[in-house]
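Residue numbering begins at 1 within each chain, and the chains themselves are lettered A, B, C and D in the order written.
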Amino acid sequence: MHDVCTPVRAAIVGASGYSGEELVRLLLNHPRVDLVAVTSRSNSGQSVAQVFPRFASHPDARSLRFSDPNPSVLATQADVVFLALPHGVAAEFAVPLHAAGVTVIDLSADFRLRSAAVYREFYAHEHPAPELLSQAVYGLPEVYRERIRTASLIASPGCYPTSILLPTLPLIRAGLIRSAGIIADSLSGVSGAGRKAEADYLFCECNESVRAYGLPKHRHLSEIEQELSLAAGEPVTIQFTPHLIPVNRGILTTLYLAPTRHFKTPEEAAALDAEIAACYRAAYAQEPFVRVLEGRALPDTKNVVGTNVVELAWRLDPRTGRLLVVSAEDNILKGASGQAIQSMNIRYGFPETEGLL
Amino acid sequence: MHDVCTPVRAAIVGASGYSGEELVRLLLNHPRVDLVAVTSRSNSGQSVAQVFPRFASHPDARSLRFSDPNPSVLATQADVVFLALPHGVAAEFAVPLHAAGVTVIDLSADFRLRSAAVYREFYAHEHPAPELLSQAVYGLPEVYRERIRTASLIASPGCYPTSILLPTLPLIRAGLIRSAGIIADSLSGVSGAGRKAEADYLFCECNESVRAYGLPKHRHLSEIEQELSLAAGEPVTIQFTPHLIPVNRGILTTLYLAPTRHFKTPEEAAALDAEIAACYRAAYAQEPFVRVLEGRALPDTKNVVGTNVVELAWRLDPRTGRLLVVSAEDNILKGASGQAIQSMNIRYGFPETEGLL
Amino acid sequence: MHDVCTPVRAAIVGASGYSGEELVRLLLNHPRVDLVAVTSRSNSGQSVAQVFPRFASHPDARSLRFSDPNPSVLATQADVVFLALPHGVAAEFAVPLHAAGVTVIDLSADFRLRSAAVYREFYAHEHPAPELLSQAVYGLPEVYRERIRTASLIASPGCYPTSILLPTLPLIRAGLIRSAGIIADSLSGVSGAGRKAEADYLFCECNESVRAYGLPKHRHLSEIEQELSLAAGEPVTIQFTPHLIPVNRGILTTLYLAPTRHFKTPEEAAALDAEIAACYRAAYAQEPFVRVLEGRALPDTKNVVGTNVVELAWRLDPRTGRLLVVSAEDNILKGASGQAIQSMNIRYGFPETEGLL
Amino acid sequence: MHDVCTPVRAAIVGASGYSGEELVRLLLNHPRVDLVAVTSRSNSGQSVAQVFPRFASHPDARSLRFSDPNPSVLATQADVVFLALPHGVAAEFAVPLHAAGVTVIDLSADFRLRSAAVYREFYAHEHPAPELLSQAVYGLPEVYRERIRTASLIASPGCYPTSILLPTLPLIRAGLIRSAGIIADSLSGVSGAGRKAEADYLFCECNESVRAYGLPKHRHLSEIEQELSLAAGEPVTIQFTPHLIPVNRGILTTLYLAPTRHFKTPEEAAALDAEIAACYRAAYAQEPFVRVLEGRALPDTKNVVGTNVVELAWRLDPRTGRLLVVSAEDNILKGASGQAIQSMNIRYGFPETEGLL
């Protein structure tokens, strides 16, 4: 157990992307953390203030400089290392850091899957460190909080999976919806594509544009289906359609679900509605970062952007017999860096909301 | 039959909204039309140039002035009157204009439904002129072109219905998909809400925001289900979820469909894919305003905004057994005013693309 | 002097606009404040969570309810009252609250001017409480910090004035620029127009649009010229051109200034540049919320939005003999609510950055 | 003189950027032009429909394919060649094409300056073909229409210069403003940066951002000052500050000008105002693409985007003695490709608005 009076020493590998930048912001301001190293090959030698002018007023932003990433050096500097790297690359750092006893929180997909075969199917290359898969904990605190407390390797979930799993898992576990036939239709802001200088993500190509992409087999399906299958106790296959919309941040997911019970009459609908409400309250009433909307309001990304909160609401449709659930999150916070900090707080025994309000 | 050498005299009632403004633009520039009157209670007395500075360089924009709407005056001025009015109000003009022998092209929902009972169910008031419903033609040229040629009252379709019907009708007629279980998930630009001074549509409330609305029973469902039922030969109920996204114009619709045949093997999938391609080619290869994308491209609203084209593409998903179809259109053009002009062109024997390229 | 261990009880009158909403956010999270009342005629009776769903996860957001504004009730509840009201209306609350001994921090223009005659010239009505003008302190902490410490009525500056005064005042006081001929060209996000349901500020009217407005005599000129004149020791008249640009938040101001010295040679330019740098360092090196950029970087609103920081940079142009200074701020934070909290922190002896980082 | 019944054969070199794409659109739809070739090294072999899906419904978009640029081949194919290339590169094509008797319309800066020395000063390399400078005509139709009629090499103006020169030239020629001390403060949409895959122009870097750039000596100054000096009959140096704002298209320029006469009294101001109005009417009343706003309206980019029109309005400020003029244009149309087509129309004796309405 970490002594909660000594600050945790944290480092970020790959700190120049959008998730990395957000980790810098969160860790610079975290009251129980010393941010001791940030690495980026392209920015090596520059100060945090130079690379991210928006942080320049923070007292540490001028002194802390980007370095070249080096696992053995990092292992001597940091208690916990966040990896904000592309999949495949993250494992190259996770393996030596983990071996050196450093707690690793990996924001890539490298350790989210339990099966190296599924990894190969979805990511089109052999898993680089299959022996570590069994030790990794999927860093979704609302599901795996207890395991995160003692984890040495935390695989922080993807942005889309978080927006899909939090609304569906309680319903599946309670037997309120069928695990077959689930459709997740997701709308993501452009930061989800990363800070990549590609023509597709130029301002003029995204502004005044809406488009689907990656149909029909997006990589995130693998971790979504893994977690849904574990909850359902049987293999689950879902339909998932991501779209790119012209906002910086935010994911809105609309889920089309099939209740296990009919609700043709108003009475049946009201009874089922009450059961869903009870199910969500049981799951999330005590969760600091899940907000279940009752009443007439529907989720809106502008109500969660800049926060670590997932907002969700549901509607039963008696015409079709379906249950619709809509969720909204900040893809860079609850969908990435904020959730990673939440896991760190759990791992080190800090209040779970520390540095996240 | 109209003598194609004499210009048609056209008027627009309710010309100050977004659809009305677009009708002004299209009709000012239409080579076979004289725009003789534009009405708007709030702008009465002002010139088109004053109300719409963007048209001020058009020679007629200074001379043409907004007037108060008066059906009996309009009946003496115009051969064809476009109604860009809220539902319920449109009928008040359609009835006397139609009685006076004027061709009416109504962009509201007032004459889209064949059943006054369905109208009452979805629009929450009695239909104001049920006796005219049987004379109205649903102005979707790709389906009702022949009837439009001789129509005296054209009910131009809604923006969402157009984006949903054009991709689905050929597949239903060909028996390639089941008519049950259809899901339409639509994303609309903010102009779809009209030029209404409501706080929900202020810049700061829509920018950096994405939200679903109107769940689960949107009014447009009534005309969508009417047309799908006619094509299927049986009652069809669909799931429809509209979302508001921060673009001025454009609707992207993602359709989740169930093919009537299985396609587990690559051969079965390829065969079904070829049948779908053939079905769409048969329906749309000759259509000037439907663009079926083959190859890897997917629809993007930025490729259709400013045009009267609907773009569509499809993907079979062997993992789920579903067919996904995505469509994109400009909600104010093919979704409203452009389609109304297309119907006018058909009605008066003009080339169908006249004034729309 | 306030006992810094007891929380200050704060209230917000007019909490439903953008500045009011931001005050709610800042005060809910301020470690030394109890937010005891929020008022709004239109939202009276609703909880903060209902009116602002984005704050719904805060523990106080469900219990705190909007009330009708009533000065005598507020005077019993609160130590400090923030007025986020239109000019003219604010004074109606300021007078009784001030008389009752409450500290008033007014975000409107009502008490920014020292002269009731100038107020009448720019605001087109008689000043409602001229007797209070001499007691009001202009709440620009970088200039009036000492007077703010003991103020009973703080007139928090406008957004444009803050972006113009902070870059120019030190240069004028140091005699480095002439006080005549100053031009301030400002670009503001749409939140500057307030949460008003007017057609001009609809999403579709602002998105993909850029326009100047209010030329040539904007009301904010009066307070800008008052403060510049005080610094210059002579009457100053400036040119000020505001523009509306499609962002939610942020003001970028480009200032065209005339140095008092020539700098034709590179040596002269370098010497003047060094003097400007020294002047800004002397003024702002210790200021927590002014960031002077040296080196090649230029201000960008995205680096200050969400913070209480004004960023500024300058360039000498040897071709024209002018000095250009560019500043960037968040119009709702340093330009309004953040600055008001900064003044409150000073007034109550709290660390100046408390609740603002 | 071109026989106006035979279509002109046109080619575009560098057709994959934003200006090139707009030329493709305009020339595909121009009634007197056959677009015979489009070149782009990166897209060679692909059809116009593949590279620009938005044009895919045009009958020629499938048959016309991108080729590698080859001046000698182009000289046999085309009567007129548009160069949409970076400066420096354009001259490599202009020289052989011009020598082969092809009419060249160059959208780059290579032939805009009359002096090779000024070119070197602003573009930092030797002019690649100084011998052609004297033959080039600056393609601003409102100024050089007569010379354009017979030009063999047309140097189409830059986007910023067009927005600055059209409002100022008539006033300078009429002696209404001083040529010294002019300030041009310009706001440009992101398409002005071109379709370059650079991180600075990614959606998330431009959206919700406003920034100045290129201070204080932008390259476009050279052609602006050249044309102002010619009009003034003396050397003119101006202040020019470009800013990047989050819109796809549009430039708004605010000009700060010094009238040659005082106007302290309302009568003096009214008289000067009438003279300015008369000056602009004399210059532009017959111009199809300049719209002078009288009355209370101010230019707004949304009123000109998608058109070849420059909109302008002015205000006298009696407080400062300055004249403010604001102009708005579409940077890709009147600021680039539309203006180039306008020149082509003049050069070939077509109606000047052909293909541009």
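Details
The rule we apply is simple: contacts are C-beta pairs under 8 Å (C-beta built on N, C-alpha and C of every residue); 3 or more make two chains touch, one makes a residue touch a chain.
Just so it is clear, the structure is predicted and the values come from calculations on it, not from any experiment.
Of all chains in the assembly, those touching chain A and also chain B are C, D. Here C-D and A-C are compared, and the pair linked by more C-beta contacts is C-D. Most remote from chain A, judged by the distance between CA-atom centroids, is D. Over half of the residue-numbered contact pairs of A-B are shared by just one pair in A-D, B-C or C-D, which is C-D. Computed from the mean C-alpha positions, the centre of chain A lies at a distance of 47 Å from the centre of chain D. Separating the CA-averaged centres of chain A and chain C is a span of 37 Å.
Separation between the centroids of chain C and chain D, computed from CA atoms only, is 39 Å.
For chain B, residues that reach two or more other chains under the stated contact definition are 205, 207-208, 246-248, 300, 302. Those residues of chain D lying in contact with chain B across their complex are 29, 53-54, 56-57, 208, 288-289, 291, 293, 297, 300, 302-304, 306-307, 309, 311, 357.
Interface residues of chain D, counted against chain A in their complex, comprise 18, 189-191, 195-199, 201-208, 246-248. For chain A in complex with chain B, the residues that touch the partner chain are 183, 185, 187, 205, 207-213, 215-217, 237-239, 241, 243, 245-250, 252, 254, 256, 298-302, 305, 315-317, 319-320, 322, 324, 326, 328.
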